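Going in written order, the chains are labelled A, B, C and D, and every chain counts its residues from 1.
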Amino acid sequence: MNALFWWLLVAFLLFSIGAFGVLARRNVILVVMSLELMLNAVNLALVATANFRAGAEGAGVLFALFIIVIAAAEVAIGLAIVIANYRNRRTVQVDTYDELKG
Amino acid sequence: MEGTAYLQIAVALITLLPLLGFIVTLLFGKRMGRQAHIFPVAMVTVTAALSIYGFVWAFGHRDETFVWNAFDWITAGQFHVPWGYQVDTLTGIMLLVVGIIGCVVHYYSIGYMHGDEGYYRFFAYLNLFMFAMFVLILADSYLLLFLGWEGVGLCSYLLIAFWFRKKSASQAGKKAFIVNRIGDFGFTLAMFLIFVVTGTLEFTGVFAAAEKGDISAGITTWICLLLLTGALGKSAQFPLHVWLPDAMEGPTPVSALIHAATMVNAGVYMVARSYPLFVQSETAMTVVMAVGIFTAILASYIAITQNDIKKVIAYSTISSLGFMFVALGAGAWVAGIFYLFAHGFFKGLLFLCSGSVIHAMGGEQDMRKMGGLRTKIPVTFWTMLVGALSMVGMIPFAGFWAKDEIVGATFIAGEYVVWVVAMVTVLLTAIYMGRLIFMTFWGETRADAEVQAHIHESPPSMTVPLVILAVPAALLGLVVGLPPEGGWIHGFLEPVFYHPHHAEFRLLGEGGALMLASLLTVIVGLLIAWWLYVRQTEVPARIADRVPWAYRASLNKVYLDDIYAVVPVGATLGFAQWLWDVVDVKVIDGVVNGVAWLWGRIGDGLRPIQTGRVQSYALYMFGGMVVLVAVFAWVWGS
Amino acid sequence: MSWNDQIGFPVLSVITFLPLAGVIAILLFGRGRPQVYKVIALVVTLAAFALSVWMLVVFKVSQAGMQLAESVSWIAPLNIRYGMGVDGIAALLVFLTTLLGVVVIIASWHYVKDREMGFFISLLLLEVGMVGVFCATDLFLFYVFWEAMLIPMYFIIGIWGGPRRIYAAIKFFLFTLIGSLLMLLAIIAVVYYVKDHTGTLTFDIQSLSRVVYSYHLQYWAFLAFFVAFAIKVPMFPVHTWLPDAHVEAPTAGSVILAGVLLKMGGYGMLRFCLPFFPDAAVAFVPWVVGLSVIAIIYGALVAMMQKDLKKLVAYSSVSHMGFVTAGIFAGIALVGNAAGVEGAILVMLSHGFLTGALFLMVGFLYERTHTREIAEMGTLGKPLPVLAGFFLFFSFGSLGLPGLSGFVGEFLSLYGVFEYSRWMAAVAAIGVILAAAYLLWMFQRTMYNDRGDDEVKPSFPLKDLGAREIASLVPLVVFVIWLGVYPRTFLEFLHVPVQTILDRVTPSLSDASAGMGALAQLVDSVRGLF
Amino acid sequence: MPGGDFHALLFVIVAVWILVCGLGVVLFRRIMYSAVAMVFCFLGVAFAYALLAAPLVAVIQILVYVGAISVVIIFAIMLTEVQTGRLELFFNRQTAVAAITALVGAAVLAVVSLSADIGKVGDQSLTPGLRQLSRLIFDRYVFPFELVSLVLVGAMVGAIVLARREGERP
């Protein structure tokens, strides 16, 4: 039971909360927001591990930075898709997007 | 071997020239049109000369066996068979028969097949046949013999079905080949067995092993019986004889060459060749004799009511071959080959004569529509009479001497039952051959007026071969078979059959008595035939009415064809149909398609899972990931 | 990098990839110009054939092991190499493949009307895969070629096939894929077993075949390989893809399918099942020979009942290939029974020539009559004498007439079976009778007359074989006779590799439990997996 | 709890803050509330970074997440409809399963991280300094860094292409 574990636990819980949002919410923008929570959770875990674990040489922190950048790109694209889709369908309800139904 | 270089060349040419003739004629024959026969006939003429040379060599070196392994044929692992030729006195006799009759039949065919649209094809096939037949008799191993054996079968198939636009002809060709294949089944297994126990298929090696007693008695019997199965097919013995009468669908020269004089003798030749094996198995010899005598009487019985002139001769051939087997089975090896020798000439002659008759009648083969041809086609009549008398065994024609030795041998061997049956067969033979001659040449012509107008003697290309063949048919016995049991042929063949069957012939003793008995039987038979078919022509119908079952059984060939159509053929076809309809389509493919269907159903069942909503997929993914992490943690965790 | 030292030139790779070069050339120059791409295809296959003949010439028949070998590192971390090489068996099969490659190009000159260029490209790609399968000496490379070859074949059946082509193509694909999947599993297991026990990771077939595998691995891995190859052969009862595939495939597809693809089954058994798993192979002999004998009889009987000419020939393949598996497995069941194995390989060669030729004949007939229904033919020997002649020749070759190729192989493999079990050989020999029955009946119903009336008048215009068609048949005629009269040329290639296989198997003869014991071992072995 | 009481207390506060705000994001019905909760959650995470001796990451977190991403998201919310109504409109039918799966997932991860051997763990901060980080970025990780910039450019172009109306000139 060291400090790292507690930080990781927070990260895991935040990850689960985000996952729950992705899986359960119907508004597509909220899904995107929940995804951001999950990414934050991952970042948190990375930074925490980098802080406490020897021999990482700062890679964890660096990865967190990269992830933040990628997340920004992802949000830009994701929301652009959401807006484009909203224009076509006049809805942001995810479960109406079911063209793939078998 | 010193001094055999010429023979080596001769043997090589004997097999190669007909093959060359076949290839050339097949490729260019069509362009040569009416001249298509020149090349193949030339090839066969040269080959006949060479085969006479081969005979002469054997004549001069009767104690030697010439063996020449041309090249390695098959070498695979422990299995080794060369492509080799062998010449000894037995081969010499066969060379003479095949060479001369083959050559004569080729010349005869020039006239007989004149105008046929498959003219070149016919000569090509005949050449191929000569090739295969020569390979058969020259082979020095069972396997090469088998090659010739199947080769003549192929030619037989091609030539029987020569007029393939007739259903009956194509049917008969197929039947001949398949029935022979059943015999070959036995032959193949016999070869396997021989190789397994002796490690070779070359005659010299196999027989040396047999002499030394390397082969156990039981195995010897098996080998002999399996070889015999092969011989039964090729030599048309019961129960595999059914193809030969049908084979008469082929052109008549084919019947003469293949189905009388040469190919059908191959079975007899093979059994005689395997003599060192057969002498060691009492059982096999008995079976050979039993099959032979049964076939002989059966065929005679059927022949008596047949109306097709060629069918009568075909059944007589089966009967004669039966006699040969009787001879082999009784241990009278030389007599068997002697009969084969003589039979080749007189039966070939009979067939060619019947061809000439048919030619004269404009294609008619039914004897009920003939009659009175004696004066209209005299050459054919006289030559056919010679052939028939030789066939029935009238003194002094060739058939008499040979057949008498066989019948006598059965008596001397103590097989009295066989002897009695053989005598009955001789009687029947005399009756049906007499019937044939009398119905065809005596009495009033029963043909249509139109046909009658066209009856003419055949051209010289056909009659000259008849005369040529009539000479040995008449005189051969006097030349080689006299005195009985001690003629030249005995001395000639003794080196091959080196356990000679020493029967002392005394004219004023057992031998003379037997000879007289068989001669009397023949004369009685001929008189009965004369009485029935010349004097009291209504009597045969009355007899048929009196014993209708016997008459009909004979007319319908003892119903064997009908039985075969049901038992082996029908059952096989039915079973095959069942395999196809039920096993293949329903069971095996049913399982295959059933599996496919099952997966389809499973897929249908799982379709609702595919909601198309991203979040449900995400849930599966996430859940799956959790499970995987848990499993990995559990498996690889501490 | 090591090109072979024998001739200093990677002849096997060139043979394999020449057709691929042809494909590129076709794509570059052949678009929309049928004459150009056909000539390219012909030239390329002819060159490959010439090279394979040359390969046979330089091949040293008395030398053991892989010859003309090439080996280049390919996927280094897994020590997968691009390894090519042939022994006598593979060399002959490469020769057969390239020969049929030329033949089908000539034969399908005017066959397809639709997307013709794609068809020729598929044929060339198929040849790449097939030659590659026979040449690969690396297990991974072998698998790659094995799978790669499926794709063009799938297209050939699925695009240019008959009305039920999709069903047939998918059936063909799935059957083969099930086999390949099992084989892949076994390949991985074998490679990892070797890695665990010797410490070296290798995919080299030669090295893998020298390892002694545990019983547990042997039994199930043998079965996995065996099923893959048995499907290809195809053995009873996994044969039902074959008739469907043949019936729907275009002529060239059928020729290749029967001529080469089926041989891969037999080849795979010789290359993998026997040397890798000798104990299991010996133990399964009674089962395999039994199934083979069933296949011989069953195939022949079912062939007899077919109404479709192509199906008939397809089922005859099932029957003939039964001799291959029977010969191989009977051959290893006894010490010194090489005749069975060598005979089986000869059957493969001869079946390639003969059945390939028979499918060509059926194709030529179809081009003229537009039907494959036997009942709609009859007396075609009259208008088509040359075609009938060739048909007759190949039919007799196929029914095992001595002097033609079918006989030597079947005789030897039957002899091998006879040494193993006389009764099985006797039953199998019935197949030879039945072969005569169904082939002659077929011939009678198509070329001769079996209707009773004088002549069946064909309702279609008929033209006898042309020069191009004869040209595609003549090489086959030559080799059928050659193989029948002087099989030594071919047998010489087989003595050493067959002996190598037998030497590998012989030690297993004493301590294997054959028959029912094999099943018990198998159950044990599969249980060992879990 | 290592790092002294002060740290422990701060940790608890930050942890609760982050989790409560996170729950707020996924549980509020009004999406605007969610957005606000999200902003606070991001701030909480930034504090956490600061506590973990990664001030650079904390700063960038605030700049990018709080400053940029949140704004973009709020814009997107305003561009789309605002929903009101019953609970079913906000949570789909698999909510219960999702909640359980998410909890199980967290539990599994916790157990794994407890049982796993993740190497030597020290109590003191090992986070590298700014200088060291810069060296890492522009030396060893320069290639990924350049790749990331490429991705960003691509994303920007993509976003514009996607979001513009048909026929509209950019």
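One rule holds in what follows: contacts are C-beta pairs under 8 Å (C-beta built on N, C-alpha and C of every residue); 3 or more make two chains touch, one makes a residue touch a chain.
Quantities reported herein were computed from a predicted structural model and do not represent experimental measurements.
K.L.:
Is the C-beta contact count larger for A-D or for A-B?
P.N.:
Counting C-beta pairs in contact, A-D comes out ahead.
K.L.:
Taking each chain's centre as the average of its Cα atoms, which chain lies closest to the overall Cα centroid?
P.N.:
C
K.L.:
Based only on mean CA positions, could you tell me how far chain A sits from chain D in angstrom?
P.N.:
Roughly 6 Å, centre to centre.
K.L.:
Can you work out the whole-Å distance between the CA centroids of chain A and chain B?
P.N.:
Going by mean C-alpha positions, chain A sits 91 Å from chain B.
K.L.:
List the centre-to-centre spacing of chain B and chain C in whole Å, with centres computed as mean CA coordinates.
P.N.:
Result: the chain centres lie 37 Å from each other.
K.L.:
Taking the mean of the C-alpha atoms as each chain's centre, how many Å separate chain A from chain C?
P.N.:
Measuring from centre to centre gives 56 Å for this pair.
K.L.:
Can you list the residues of chain D that touch 2 or more other chains?
P.N.:
Counting only residues that touch two or more other chains, chain D contributes 92, 94, 98, 101-102, 105, 109.
K.L.:
Provide the list of chain A residues touching at least two other chains, using ranges where the numbers run on.
P.N.:
Where chain A meets two or more other chains at a single residue, that happens at 19, 23-24, 94-95.
K.L.:
Indicate the residues of chain B shared as contacts by at least two other chains.
P.N.:
Answer for chain B, listing residues that touch two or more other chains: 613, 615, 619, 622.
K.L.:
Once the touch criterion is applied, which pairs of chains come out as touching?
P.N.:
A-B, A-D, B-C, B-D
K.L.:
Spell out the part of chain B that touches chain A in their complex, as residue ranges.
P.N.:
The contact residues of chain B facing chain A are 607, 609-615, 618-619, 622.
K.L.:
Looking at the complex, which residues from chain C come into contact with chain B?
P.N.:
The contact residues of chain C facing chain B are 171, 174, 237, 239-241, 298, 301-302, 304-306, 331, 336-343, 346, 379, 381-382, 389, 392, 396, 401-403, 407-408, 411-412, 414-415, 418-419, 422, 425-426, 429-430, 432-434, 436-437, 440-441, 443-444, 447-455, 485-488, 491, 494-495, 498.
K.L.:
In the complex, go through chain B and note every residue touching chain D.
P.N.:
613, 615-616, 619, 622-623, 625-626, 629-630, 633, 637-638
K.L.:
In the complex, go through chain D and note every residue touching chain B.
P.N.:
Listed in rising order, the residues are 92, 94, 97-98, 101-102, 104-105, 108-109, 111-112, 115-117.
K.L.:
Across the complex, what residues on chain D touch chain A?
P.N.:
The touching residues are 1-3, 11, 15, 18-19, 22-23, 25-26, 31, 34-35, 38, 41-42, 45, 48-49, 52-54, 56-57, 60-61, 64-65, 68-69, 72-73, 75-77, 79-81, 83, 89-92, 94-95, 98-99, 101-103, 105-106, 109-110, 113-114, 118-123, 125-128, 132-133, 136-137, 141, 144-145, 148, 151-152, 154-156, 158-160, 162-163, 165.
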